[in-house]
Every structure is written in structure tokens, then in C-alpha cells.
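Right after this note come the structures.
You will see two complexes here that share chain A, one where it goes with chain B and one where it goes with chain C.
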Partner chain A sequence: MATSSKTNRTTRKLLWTLFWCVLAFVYLFPYTWMVLTGFRHGVDTISMPPRFIFEPTLAGFKHLFEVTGFQKYIINSAVVTIVSVVLVIGVSAPAAYALAHVSRRGGALLVAILIARIIPAIAIGVPVYLIATRLHQLDTYQALVVINVAVNIPFAIWLMRSFFMEVHPTLREAAISDGCSEWQVFTKIMLPLVLGGMLATAVFVFIGVWNEFLFALILTTSVSPTAPLAMLGFRTQYGVQWDAVGAAAFLVSTPVIVFAFIMQRYLVQGMTMGSVK
Partner chain B sequence: MTDVTIRNVTKRYGALTVIPQLSFKIEDGEFVVLVGPSGCGKSTLLRMLAGLEEISGGDLLMGAEVINDRPAKERDMAIVFQNYALYPHMTVAENMGFALKLRKRPRAEIDERVDKAAAILGLGKLLDRYPRALSGGQRQRVAMGRAIVRDPQVFLFDEPLSNLDAKLRVQMRAEIKALHQRLKITTVYVTHDQIEAMTMADKIVVMNEGRVEQMGTPLELYDRPANIFVAGFIGSPSMNFLPATVALANSPALKTPEGVELPVDACPTLTGRSEVTYGIRPEHLELGETGIPAEVVVVEPTGSETQLYVTVGGRDVVVVLRDRADVRPGEKIWLRPRKGSAHLFDPNSGARITG
Partner chain C sequence: MTISQTVPRDGIAVRRHRRIRISTMVWFTLPAAAIMALVLGVPLVYSFYYSLTGWSLVVPGSDQDFIGLLNYTDILRSSEFWASIRVTLIYAVVAVSLECALGILFAVLLNLEFFGRGLFRSLMLIPMVITPAVVGIFWKLLYEQDSGVFNYLLGTLGFEPVPWLSLTVALASVIIMDVWQSTPFFTLIILAGLQSLDRDTVSAAQADGANALQVFRYLTLPHLVPYIMIAAAFRIIGVMADFDKIFLLTLGGPGNVTTTLSVYAYNTGFKVFDIGRTTAISWIYVVFVLAISAPLIWRLFRGASVNRH
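Now for the complex of A and B:
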């Protein structure tokens, strides 16, 4: 009996391990294939059957930086993303604090904020383009920053509000009684307590802005296009430049992956907020 | 230190009036306990004093000065919350010195005052710890330390012992009382526990539905409750109430509707009444050879006393005997009220009618 139950347990363990291995393969294979694409010649990528053993090359990266000027796209992305994240967090944190602790009539505003988030980006694409044109802001950093901030603020407020709600309201009252102004309560008591949540929110916003494609496509042309747009250029009339596509995809995704990896702990905290006590 | 006056204070939330109109005075250095059932407005009143809630009408005064519009941070009142509200990211010393740091006091002075308060509360060895590493009792002391360090004009306590276990509660109760005797700072203490109120207060304010039912020293409230609410609220176990009719016109002899005679002392104010509510505290009933006939339902010996649950004419009555009693469930006994211990109330208004 004991031996058979042990065998059963081992079999179950083995099946689970196999299941996770398959799942890991399903998730990791496309990314790995993409990274490999960046390090081989285009012909190796499209050869049938697929070639897993190949002669590595940096031709794709060389093409990126020497021919297409990819560094410009990366710099644009970095500037737009960093400025947007700072602004989103800077605006959302006090707003989320106020909605969680100060305002008694925040309900309607919260719904309004959510509605702003629900509207599909494509629905406001044309008006946004027209406004940017009228204001002579087409193809500028500020246009991209403004739209990214506007799109991400609702999400950031909602997420951060849940972090602030976790702080017991008597802490604010104790601080006020101790002599804090509302701003001091926010900076000296609340911010240190929700720092983890704030970083998690920053990671989500960073990923959102860094990957943003639609508004970058609508609002930029030659001066301020971001990295995701660079990919479009590799589809030419002569075919797709697979080595350059792979190299660019690798470079674009790396900061997101590194950033998310470093902030992993906070990300999990952000995603499980409210669901686990 | 200062006295605090609450003058015609009202509190409304939209159409709902929580405190209709409240007036009383807290003397300089006095320990006043606001007691009452949940939702009676006692915590709301405390928060209005602290400046954490706005008042809808009336005046709050510290000394002779109206403080209605004075922000919380300028009221010089320190509040201790039920959940302690310690800042989790600060050490015990930082928690205690936070208010002084905000006031930009010199480092040396902050350290000195924190050390002094820590010595009073026995927190000396815990100053470098974070709140998460403290027990409930220690957290409670830190919360008090944070209030003491400020050397405020008024201490406010909002049910500070509710989160502690029974043993620790008794210990902290004595500590808070001793602290008050030492510092002599005007204190307003909110609780729903009448034992806490009785043991700690110089003056108890019994509140119900936003009104003051009675105000006085603990023994005044115990000996001469102003109405049925106070009589039932103060004292543990609660006072027994029996409906009664005046047996003979203009005579103090009372009978329950079931015909049980209730002995009372002569009382001229009963003249002209036909119905009253007869109140007697469980500890004021003794076993006798004659008196009120009763049947024992449950006997609960606790060692120091014996609690009897009996029925008098079918109505439940509790008796607390200081001496050990050899009685059994089902047994018929006679209860004799101690002389002068019966309370009579108007059954309609609930007001006290004995002189």
C-alpha cells in the first residue's frame, strides 16, 4: 500500500513538472526565438526546417545603429517614458491619497476616472491628432508625454488608491493631532508606507508607456518616434529584415524585462493588492 | 492644563443628527469618562474635541477661548486611539518624538523628553524597536508615551484598552489612572465599559443617543441613578427592574402585576401614582426568612461571591451574594432588599422618583 501511494505521488509530481516545463516552453520559446533572430542572418531565420544551430552574427544590431539610427528611437522612448512615469506618479500619488483618506465625495470622481480609462484609444486618436496639429505639437516629446500621462493617470490613481486604503485612517488623524499639515501627512507618514505600492505602479506605467504604439504612430513622424515604431521600418518592399527586427525587439524588450525583474517583489504586491490580507 | 467647556454642541451628518445639543464642563485636571452604548456619540464628541470632526453648532472652549475653528494641530490636545495608530515605519523613539520634531525642537530636548516619558512608562529598553516588534500592551504604552512627550493641555483617550486582553486591561487601567494622578493633566476618556468608567473617573458622563443622561462621580451614579437607562448601565451585573403597582393609595406598599409584594421604604413622593418601576441591584438582595418570594433557576459560585438567577413572579432577577449560599436550582427562597437600596422610576419617562 505504502509503496503504491509513494509511486502515485512520484507520478503526480512528474506530471506536474512536465506540465510546468511545457508551459515554460510555450511562454519562453517565442521570446527566445526572437532573441535568436537578432543574432543570426535573415536566411537562417526563414530556412525550413528551422535551424537551431547557426553562425552567430551582430549584423542585425550593426544595421540598426549604422543604417536606421535606432539609438534615436531608444532615446525618444527613454525620454518620453521617464518623464511620463515621473509625472503620472507625481500627479496620481497625492490624488490617490486624497481619494482614499481626505475626500468624502470621491465616488463620482472615481467613476469618471474609470470611464476615462475605459474609452478605447483608437476612439480618441483622430481628435488627439487634430488637437496636436492645431497646437503645433505634432511630432514633439510633449505631445507624447501629455497623452501618455493622460492615459495612465486613471489606472495609476486606482491602483495607488488601493495601497493608500490599506493604511488605517487613524494614522492620518494621529499625525494631524501630532501637528502635521495634510501635505506632511502625505509625505512623512503615507508615502513611506505605500512606497512599495508606488514602485509597483511606476513599473506598470513604465511598461505601458514604453510599449505604447498607437499614439506614437499617430502623433510622431521623424523627430520623436519611439522604439516600437522603429519596427515598422523593417518591413520593406523587398521583404522583412528579420535580423534587424530581432535585434530591435531584443533591445526594446530588455529594459522592460530588466526593470520588471528588479521590481518583481513590488509587482506581485501590486497585483495581489486587496485579494490577500 | 486647562478646563474644557462643551456648550450647546451639536453634530449632524446631512439630515441625521447624532448629537442634538450637548453642554457640560470638564474641570482643569479632571479625569472625565464618557460612557455609553455603541453609537451614543461619545467617540464623535471626543473627535470633535480633538478637531478631527467639525462641529455643526455650539461652542467648544479651552479655558475662556472658543476653539471651534482652531485646527487640530493647534489645539494642544493629544489623542490615544483604540488601535494605537503608531507610525509603522518609525521606531518607538521616533514615534514618541515625532510631534516635537514637527515643532522643530532641538534634538537634545526631544531626546530628553522622550527618555523621560519612556522612563515613566517603562519603555526605556524598547526605544529602538519598531511597533511591529511590540506586544499589544507595549504598543499601548508607546501610544501613551507619544501623548505624554507633547506635554499637552488635554489628553484624549478613545477606547484605548479595547484591543487588550482582560488581564492586561486591568493592569493598563491602573497605569493610566496612576499616570493621571502623577501628571494631573485634564483627561477625557471614552469607553463603553462601565467598569472602566467606574474605576478610573473623577466624573462620569453617561451618554445615550447623543444626550447626557447623567453626569456625576462614579458613586453618585451608582447610588442615585437619574433614570432607568443610567441605573441599568452603571453596575455589573445590571440592576433588576420589576413593574409594580401601588397596592394602597398613598401608601408605599408595592406589588408586581403577579401580586408579589415588594418592600420599600416610606416615600411620600409616591402619592397619587398607581404604577412604578421597582429597581434593585443584584448585590443589594440578601437571603432572608421573609421578603420577596423567589425560585432559584441557576447557581453560579465564583469563589468570592455567588450569583443566583431566580424568578420573582415569573420575572428574571439576578442576585449576587457575598457569602456562600447553600441553595439549589428549583429551591424556593426569600429575598430581602437591603434597607434604603430600592430605586423607583416612572415607567413612562424612566425618571427616578424616589427622594
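Now for the complex of A and C:
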């Protein structure tokens, strides 16, 4: 009897596994189709009926790099993203540490940070464009970096603050009683302790900046457009090269998917700014 | 010896250092606060000033026309504005409700016992992180009326082709695209809620004769409510600010059937170049979003100020 209930259990597990194979296949079909499009001749994508079985090709990638010059967009994205992530973490970490140790006095600052996080980007789009024009910073890396840094600071502070708050406060208090300065406590004791959380925050900021579209649309034209903006170029082209679009979509989305997998443990905490763990 | 030193330290000496000094506070937060004030605060103030002018980039010298609240009253009387509010609200309410329902379903299904559970939990996250601009351009291909794969699949099942991006269907298509991308967000958070549910309570209820449906209705669902609320709050804010996907799929069209508040603000600023009007729209938009997200701000703030130790 014990064995029969065990077989039952295994059968049930197998059935649910089968069910999930089907469900995941159906649900992820748009993504799969996108990836396939990148490795398929353009005519096979828009032929009717669409070709599910096809001769794989790298023609889309070739077109992308040789005709569209997509490498420029990818390099721009990489530069803007990496510089922004470093700056965001650099200025947010000390702020997050300090704000983890305020009781009520930091309240106004905390609310300001939350409001800054929630204001929609488009609401400052026009004035940011006007200011950038006046400062002659349109279509530059620095304009894009500055705006991306500012937009991501509130999120980074809030999330890192939740990691600093997990460290028991007596640790800091004892170190200070022993004569450590606040800066030493921060760099020597706290940073090593919250390293995992800081890396996770960095990855979330990376994903945010890498995926950013609106400010790239407003602030760039020919010198510093990022990869998501290239998608708009594909849209307005007459007679879309779908194999190239698929290849571009694959190249743009793969890094963020890989990063999300690596950081899965922190995903819930990151997505809810530390309010769910 | 060590004991005699540490005991008073815990009690009295340490208490003195509990709070951070004001000067430390200022130096640690200054760089971040300065960047936020200059890059986010200044444009907001700037935009409020311009919302009181009749400045249009196509009318030279019009940046000096101080017209008071005329932009605001004009906008509140314009049918385009109310149309965009309507689209935004329909989009937000329908998309978030569907995502919530599907998210609960997927989370419950992912919480069952089956082989490769970890793998499927990871795979189901993929749509959530894909660059929204990529999702927009890609769903345009899927939705193509004559050569799109959706209509082909519908055809093989014996259905008529759907004009996905037409006047009547486009908003639904935008919603479907968002439901696809954002349901995993709900799944992720609700699954975290399910995993924190006390198994002993469930076993006890089952021992008392509760069936699966009763367990779900009276134990699981009440336990999930706070998780669902948090996910919904974050998603509502996200949906309100949504721009990239819609812009790449439909550009707000056809006509203005998918013109949300964000697309409307963008078009007024960067197609019509009416600075006074678009900054006024931005301010209405900010107030609108803050009013809706006030409960979440309050909750995050309260949750954050409670000391966990």
C-alpha cells in the first residue's frame, strides 16, 4: 500500500510536469518566436503559413552589424549602463547606510525618495529636454548618464537601505564605542556585510538603465542612441527586415534575462523595493 | 574581564551612539540628494513655471506669455485629455485585474509538486525582464494581420483573422501584451507569499476535513491578500507610467484609441511642441499618479520606519 501511494504520487508529479511543459511552451511562445525570427531568413517569417521548421541562418545578425551598424547602439548602451550603475551605487550606498539609522528625523527625506521613485519619467521629459538643449548636452553620453543616474538613485537607496537594516544595529554601535568613525563603520564593517544585496541592487539598476527607452528617445539623435532606441528605427523603416529585428531583440534581451536568472534569489525583494522578502 | 567591559557598554555607552549624527547624515546623503534635487527637482519646478506660460516652440517669443492657469483650464476642457484618461484607466484596471488573476493561478500551479519546478519557475519570469521596447516591436510582428503568426494559429484552429491593431481591437491588444509581460511579476510575488504560508496550519485544516477549495478560500487567499496588494500597487504605478511598449506597438493609434496619458503628454511636447500645455499635462499627470499611489507610499514609509531589531 505504501508503494502504491508512492507510485500515485510520482504519476501525479509526472502529469503536472507534462502540464507545465505545455503551459510554459504556450506562454513563452512569443519569446520563442522572437528568438527564432533572429535565426531565420526574413521571408520565412512573413511567409504564409509561417515556417516553423526552417533552415537556420545568421543572415539577420550579419545584416544587423553590416548594414544597420547595430554595434554602435550596443556599445552606447554598454557605456551608458555601466557608468550609470557605478555612479548610482557609489552615491546611493552611503545615503542608504545613513538613512538606515534614522528614526523619525529622516522621514521627510524618505518620503521625498519614494515620491521621486514614483513620478513618471514623461512628466520631466520636456523640461529635461529643454535644459539639455540650453546646456548644449543633447545627444551626448553625459546627458543620458546623468538622467539615468538621477532616476535610479531613489530605487537604489530604498533597496540598499533595506539590506543595511538587516544588519543588527548593535554592531555599528559597538564599533563606534570602540572608536571607529562612521565612515570606517560604513566601509570596513557594513559594506562587506551587505555585498550580496549591493550586487543585487547593481544588477537591478543595470536592468533598468539597459531597458530605458524614453530619455534615449528624447535626448539622443545620432551620436549616443542606445539599443532600445534602435527598435524604433526598425519600426519606421519601410519594409521591415524582420530577421534583423529578431537578431537585435535577441541581443538586447539576452543580457537582462541572464542577469535576472543570476539574481533570482533577490528578485522579489528588488521588485517590491524590499517590502516583500 | 571582557564581560565587565561589555555589560555597561550594552546598557549605557552604546545607547549614546544609537542615532547617527546630523553632520554624518548630511555628508552621507549629500551627493545623492544633490543629484536628485538638480536632475529631478529642478525640471519639475521649471515645468511648473512653464505650465503657466503660453510657450510654444513654433511661436518665437511666446515663452514670455504669462497666462496663469489657462493651460490647466484648457486641458481640463479638452476631449483629447479626457480620452487619454479614459484609455489609461481602462488599460490600468483591465490589465492589472487580469494579471492579478492569472498571477495567482500560475503561482498556485508553480507551487504544486512536479519535476523541474525550479526550472519552470525561472522560465516563467522571462517575459517580465525583456526590454519593453523589444516587447513592443515584437508584438507588432505577432499581431500583423496578414502575415502575423497569431492570425495564422487562429486560422488553423478555424477562427477568422483578428484585426489586432485596428480601431476597435488595438486597446485590447495592448492590454494582452502587457498581461503577457507583467503576469510573471504577480506570479513571483504571490509565489513568495505561498511559500511563506505555514504548512502546519494547512495540514491541521485538512485533518479537520477541509477540502482543497475551502483551504484555498479560507486559509491561502487571506494569507495572500497583503502580497496581492503590494504587487497590484507596484503594477498600477508601473502601468500608469507605461510608455515604451505602447509607443512601439501602436504609437498611440490608430486615431487615439491607445493614447494613454503618457503618450498624450509625449505627443503634445514632441510633436506639437506646445511647451506650456505639455508641462501642464505633466503636472496633472504627477498629481494623478501621486494621488493613486499615496496608499503605497504610506505603506512603504510605515513599513520602513519600523525598526526590525
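Some observations on this one:
Criterion: the second predicted complex is superposed on the first by the 234 of 277 C-alpha atoms of A that agree within 3 Å, B and C clash if a C-alpha of one lies under 4 Å from a C-alpha of the other, contacts with A are read in each partner's own complex, and residues count from 1 in each chain.
Everything that follows uses one rule, which is that contacts are C-beta pairs under 8 Å (C-beta built on N, C-alpha and C of every residue); 3 or more make two chains touch, one makes a residue touch a chain.
Since the structure is predicted, the reported quantities are computational estimates derived from the model, not experimental observations.
Number of chain A residues touched is higher for C, counting chain B against chain C.
When the two structures are aligned on the shared chain, A:59 is found in touch with neither chain B nor chain C. Touch criterion not met for A:86: it reaches neither chain B nor chain C.
Touch criterion met: A:168 reaches chain B and chain C at once.
Once the two complexes are laid over each other on the shared chain, residue contacts for A:78 go to neither chain B nor chain C.
Contact with neither chain B nor chain C is seen for A:35 once the two complexes are overlaid on the shared chain. Applying the stated contact rule after C-alpha superposition, one finds that A:98 touches chain C and leaves chain B untouched.
By the touch criterion stated above, A:176 is placed in contact with chain B and with chain C alike.
Within the superposed three-chain model, A:138 lies out of touch with both chain B and chain C [touch as defined at top]. Residues 168, 170, 173-174, 176-177 of chain A lie at the contact with chain B in one complex and at the contact with chain C in the other. Here chain B touches chain A in the complex through residues 47, 50-52, 72-73, 75, 77-79, 81-83, 85-89, 98-99, 102-103, 146, 150, going by the rule given at the top. Interface residues of chain C, counted against chain A in their complex, comprise 9-10, 13-15, 17-21, 24-25, 27-29, 31-33, 35-36, 38-40, 42-44, 46-47, 50, 109-110, 112-116, 120, 122-134, 136-142, 144, 146-147, 149, 152, 156, 180, 185, 188-189, 192-193, 227, 230-231, 234, 237, 240-241, 243-244, 247-248, 262, 265-266, 269-270, 275, 278-279, 282-283, 285-286, 289-290, 293, 296-297, 299-301, 303-305, 307-309.
By the touch rule above, chain A contacts chain C in their complex via residues 9, 12-14, 16-17, 19-20, 23-24, 27-28, 30-31, 33-34, 37, 45-50, 90-92, 94-95, 97-99, 101-107, 109-116, 118-131, 146-147, 149-151, 153-154, 157-158, 161-162, 165-166, 168-170, 172-174, 176-177, 182, 186, 207, 210-211, 213-214, 218, 227-229, 231-232, 234-235, 240, 242, 245, 248-249, 252-253, 256-257, 259-261, 264, 267-268, 271-277. Of all residues in chain A, those touching chain B in their complex are 168, 170-171, 173-181, 184, 189, 192-193.
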